[in-house]
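There are structures below to look over.
Okay, so chain A shows up in both of these, paired with chain B first and chain C after.
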Partner chain A sequence: MENRKIKDYEEIEGYDIYIEPQFRPFGFPVGLYIALKDGVIINIKPEFGYLTTGVEKVVEGMEIDKAIPFIDRVDSSSAISPELTYCIGLEKTFKIDVPLRAKFIRTALCELSRISSHLLWLTRLANVLGINNALHYCLREREEVLHLIELATGSRLTPNFIRVGGVASNLSPRFIEEFRKFFRSFRKNFNMLKTFFLENELVVNRLNNLGVLIEEDAKNLAITGPNLRALGIKKDVRIDDTYGIYDEISFKIPVGEKGDSLDRCIVRMGEIEQSTSIISQAFYKMPEGEIRTYTEDINQFSGNTRSHIECPHGELAMEISIDEGKITKLRIKSPSYNNLLAFSRAVLGESVEDVEVILTSFDICVCEVDK
Partner chain B sequence: MILKSLLLKTFYFLLFLLLGIYVTVYLHKKILAHMQSRRGPLHTGFHGILQTLSQTLKLLLKSPKNFLKSQNLVITIGAIISITFAIAAFLLIPLTGEIFFINVEISLPLCICFIVISNTGTFLSIDRTGLNTNKILGLLDRISTTIVFSVPLFISSLGPVTFASSFNLFEIVKSQGRFYNIIYQPLSMIVFSVTCLLLWQRLSLDVPSKNTYLNIDYLSTQTGLNLLMFSISEYINILSLSLLATLLFFGGWNGPGFLHPIIWTIIKTFILQVMFLFLYTVIPKIKGIKRKINISLAFLSSLSLLNLLIVIFVVLYLKPIFNL
Partner chain C sequence: MKILLRKMVHKVRNFKKFSLFNKLTNWVKSTSINIYCFTSGCCGNEILAILGPLYDSERWGINFVSSPERADVIMVSGTITEKMKPILEDLYNSFGNEKVLIAVGSCAINGGPFYKSDFVLKGVKEIFNVDLYVPGCPPRPEAIINAILKYKDHFK
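Moving on, here comes the complex of A and B:
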């Protein structure tokens, strides 16, 4: 007991407070070294690496199809996006045609997982703000979305559903039935969730002008996704470099004004609404037909490829090298890593009590940061 | 003979207290769950009635055999302080005109003081193993809340005191024979309930501990009997604060004669508790010592002082004229 060494925050030079990675309000393992002056944060240094899985190394030497379950583990909140990035990249270089129905199914499931990811983010925000009622209502909606994903793919969090050249299985009639039932109630319930956050004066006053990200910082740190759109910059891979069937579907890109926590909240709320409209359009236009094209010479592929998509946290990009059907190199550019650095800029000048709210408002997925 | 009757009285009051806590804990779990679209405890007994008993037994069995040697003595002293003063505060509150433990001339300020002292017991719960940020932040939160919000709590309770011109709880309830204090001084009632909510600690607007984590931050290194004492004292404080609010503003045991007075007290306390729970789930917490000081000293205290001025005016000039 006496000899037990406690990691002391005073040992680190230049920092006043050390928040350990097991600090529960964050919901994920990120340590923070905080330097204070007159109760105001003047410097902050995030510490990460507690969730490292080494996907990039593990995957080396694997066959193309066998790597997909490992790539699932990159993103914990919407695992289907890294799968899609990987498959789209390979299809583009090796010129594999994807059936139209498969494209529609992919889009619908991606948007579903975007909704589930944003709902998880709302849950975290409610938890940090201390609104227990809203927390449980968000979780209830997310549970139903996850149930739908499970019905379609077989797994709630790690679907392992997208294949090179299509998808693994067709949608069952039961899925479509439950999906219709869910969507009727979801629009109504989501409006109720909006009242918890955006029409509640206490929440709006708390989030307003909190953790403002400057445009210069955002550009220097290559921020993408909802955090960039909260600044008023209309950038989205779904429209700028379109993939799948996004060019056949009409949807808006919600943007903010100032880039504070409230704007980030408004943008994500808007994205959930847009995602519901994308899904309903996709199901309306979805044709009958095949869901996968099989290629026999998949073992003779070799070459380099790049791809990027819009995942719930931002732009997820991959660089893949393949030699005779086996992966030799995989590099992942994850948006959450940049968001974490953006947080360390946006939090400057705020007080210590607001750190958890600002960190949560950036929607950081530590699986992505650490890979 | 006197000793025997005193012992019997103590026994009955402690039994009532334990039953009250048991029901409070169960209702907190169940009502909160239904407000948050959950179901709450279901499997231990009929609709989870035995859940609290099982948790208490678990904590008792988890405590080490050689209790005093293995635990840090300072923490145990803190736990004993918090539970003793919580019980003392409860015993000062009369349940009806006939059912009371002790009648002290200054029962109201004494009761509030005991509640505040029992809250300070947790300050002693810091030790070497508790040097994590989570616990320190939780403790600081709790200390600041207790210190800052006991000021408006006391000032707002002075409104009914002035109206009854007595610090005695019996006199305060007697003065509300015709109309309850909530009609005369709603401002004071609002301030008192808000500060009650904040002093609940087990949640409320400012949350050092959240029940969503299934863990109390500032007690995260405690186990066994210590943790049990700390958490029971919190629930006793919740019970006595809502009882006090009932006596001060809702007429206490006054009510139509077809029910026994004690049932009126219990019904009013229950309704207040449900109201508090509703506020707790819906409203986001306040964080940061600056915001807390702003709210408590600038806003709540000045409101209750304003109320006090109005009450003094009424007592001096209007009361003799209208024979209130």
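Moving on, here comes the complex of A and C:
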């Protein structure tokens, strides 16, 4: 007990409760200073930085291809999206053509990881709300999705799959067989999952009108992704600034109304359905052919790039500057950081019991916040 | 009086060490084990997967508890930074007398891919004595279950 710096915590004035970071099990180290008045939260200050790995600094001086596994670890729930941001940016400035089949494989895997990320979020929500049967059903579906990702890439969470100019390996015939099996069962099982959350009175009454985010705050804090769409604003990088093959595929963007926790739940549920339809279209249209264009003079590139994509948490952007094939500077703009700030605005006026529910409803990935 | 008391305490401690009581606790630990999980990063997602129906950990008697006082084993996973260090030390001190620690993932073993970074500790072994290592980045759920089961066999 001597090592603990209790004095540091007490020195911050005006806050009544401190929720410690290790309190939250399964990967959520964020501390919270809470100020109360008559049982209602009037001020909240998130304490983060417990997971700072310094990826942006570690990557400096590396060759282009060697940096990809490090950039994987930025996002723990869907690791393929930071890879894609990195590779798309380099392909844009150095004018490398990507084969059409590689583009289809990329989008299919991105949407698969979007489903797995949202299912992980649902398990966390079920854990906080205390619905144990829904937690187990969510984990069962997530295992099937992760099995598919593993068949295609070789790893469950950190694929290291996308390369500059294509993808690392082709899809095996076994993957397509397994995918067809999965696709038949998933829609039926997912409809059952919906009943656990959206047709359950206890859940709906708990989440309704809880943690409402105002549109003004959302604009000031630059919120993107499902949390913004829950307010009713249709903004999606996949349609506004298309990349890959999203312009050839038809899909809807699910939108909420008020911006409370229930709307966030509905929007993410709708996104899972839409991404299953995107994957099925991508497999239907997928052509045969090469999967990667090799460029020999990759070690002589130099220049600056900028790129952004729609990852499951929001808009993920990167700025890369390269000198003779080596990274000199990397800057990552992660959506989860803005979501954490949005949480500190949305939670005002609620009671202490609802803090955990609102925090999980924003889908914050702490690896992304701290980098 | 003081000397008598000391003798009494010594006797009680010896009784605990070599008696039926110790055998009983070991037998309990060999069948069911309580684990406190200190997670951060992607290893936490894999430990969450153990709870699920596919790897169903409770059939082997692996329970996750939410306070270190009730746990037999503390499981540390993910990157441990300088900012995290005082919190982890506090947790370790509030843990019971027989301290057992399992390090999961290459970040907890030696810093992993970020061993060059200034913020990251090069493994839990810098602070505490580690009993078991589970390598992998992140390790598969089967590997984590295998490690816990091996630890349980130690008590038989």
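Note that the second predicted complex is superposed on the first by the 357 of 371 C-alpha atoms of A that agree within 3 Å, B and C clash if a C-alpha of one lies under 4 Å from a C-alpha of the other, contacts with A are read in each partner's own complex, and residues count from 1 in each chain.
Operating definition for what follows: a residue touches a chain if its C-beta (ideal position, glycine included) is under 8 Å from a C-beta of that chain, and two chains touch if they have at least 3 such contacts.
Predicted model, so just to flag it, every value in this text is computed and none were measured.
Enquirer: With the two complexes overlaid on their shared chain, look at chain A and say whether chain B and chain C clash or fit.
Expert: clash
Enquirer: Which one hits more chain A residues, chain B or chain C?
Expert: With both complexes superposed on chain A, more residues of chain A are touched by C.
Enquirer: By the touch definition at the top of the document, which applies to A:I17: first (chain B), second (chain C), both, or neither?
Expert: In the superposition, A:I17 touches chain B alone.
Enquirer: Is A:R140 in contact with chain B, with chain C, with both, or with neither (first, second, both, neither)?
Expert: In the superposition, A:R140 contacts both chain B and chain C.
Enquirer: Give one of first, second, both or neither to describe whether A:D354 is in contact with chain B, with chain C, with both, or with none.
Expert: Touch status of A:D354: first partner only.
Enquirer: So in the superposed three-chain picture, is A:D236 touching just chain B, just chain C, both, or none of them (first/second/both/neither)?
Expert: neither
Enquirer: Of the two partner chains, chain B (first) and chain C (second), which one does A:I131 touch, if any: first, second, both, or neither?
Expert: So A:I131 only meets chain B here.
Enquirer: May I ask you to decide whether A:D263 touches chain B, chain C, both, or neither, giving the answer as first, second, both or neither?
Expert: neither
Enquirer: Does chain B (first) or chain C (second) touch A:L202, or do both, or does neither?
Expert: first
Enquirer: After the overlay on chain A, which stretch of chain C ends up in the same space as chain B: 39-47, 57-65 or 75-83?
Expert: With the two structures superposed, the offending stretch of chain C is 57-65.
Enquirer: Share the list of chain A residues that count as touching for chain B in one structure and for chain C in the other.
Expert: On chain A, the residues that contact chain B in one structure and chain C in the other are 1, 20, 22, 135-136, 140.
Enquirer: For a test of understanding, state which residues of chain B touch chain A in their complex under the given definition.
Expert: It is residues 32, 35-38, 128, 131-134, 203, 205-207, 210-213, 215, 217, 280-285, 287-291 of chain B that touch chain A.
Enquirer: Under the touch definition given earlier, write down the residues of chain A that touch chain C in their complex.
Expert: 1, 3-5, 20-22, 25-29, 49-55, 57-58, 69-70, 73, 76-77, 79, 120, 123, 135-136, 139-140, 142-143, 146, 156-158, 366-367
Enquirer: Flag every residue of chain A that touches chain B in the complex, lowest number first.
Expert: The touching residues are 1, 6, 9, 17-20, 22-24, 127, 129-133, 135-137, 140, 200, 202-203, 206, 351, 353-354.
Enquirer: Which positions of chain C touch chain A when the two form their complex?
Expert: It is residues 37-49, 51-54, 64, 66, 78-79, 81, 83-84, 86-91, 93-94, 113-114, 116-120, 137-138, 140 of chain C that touch chain A.
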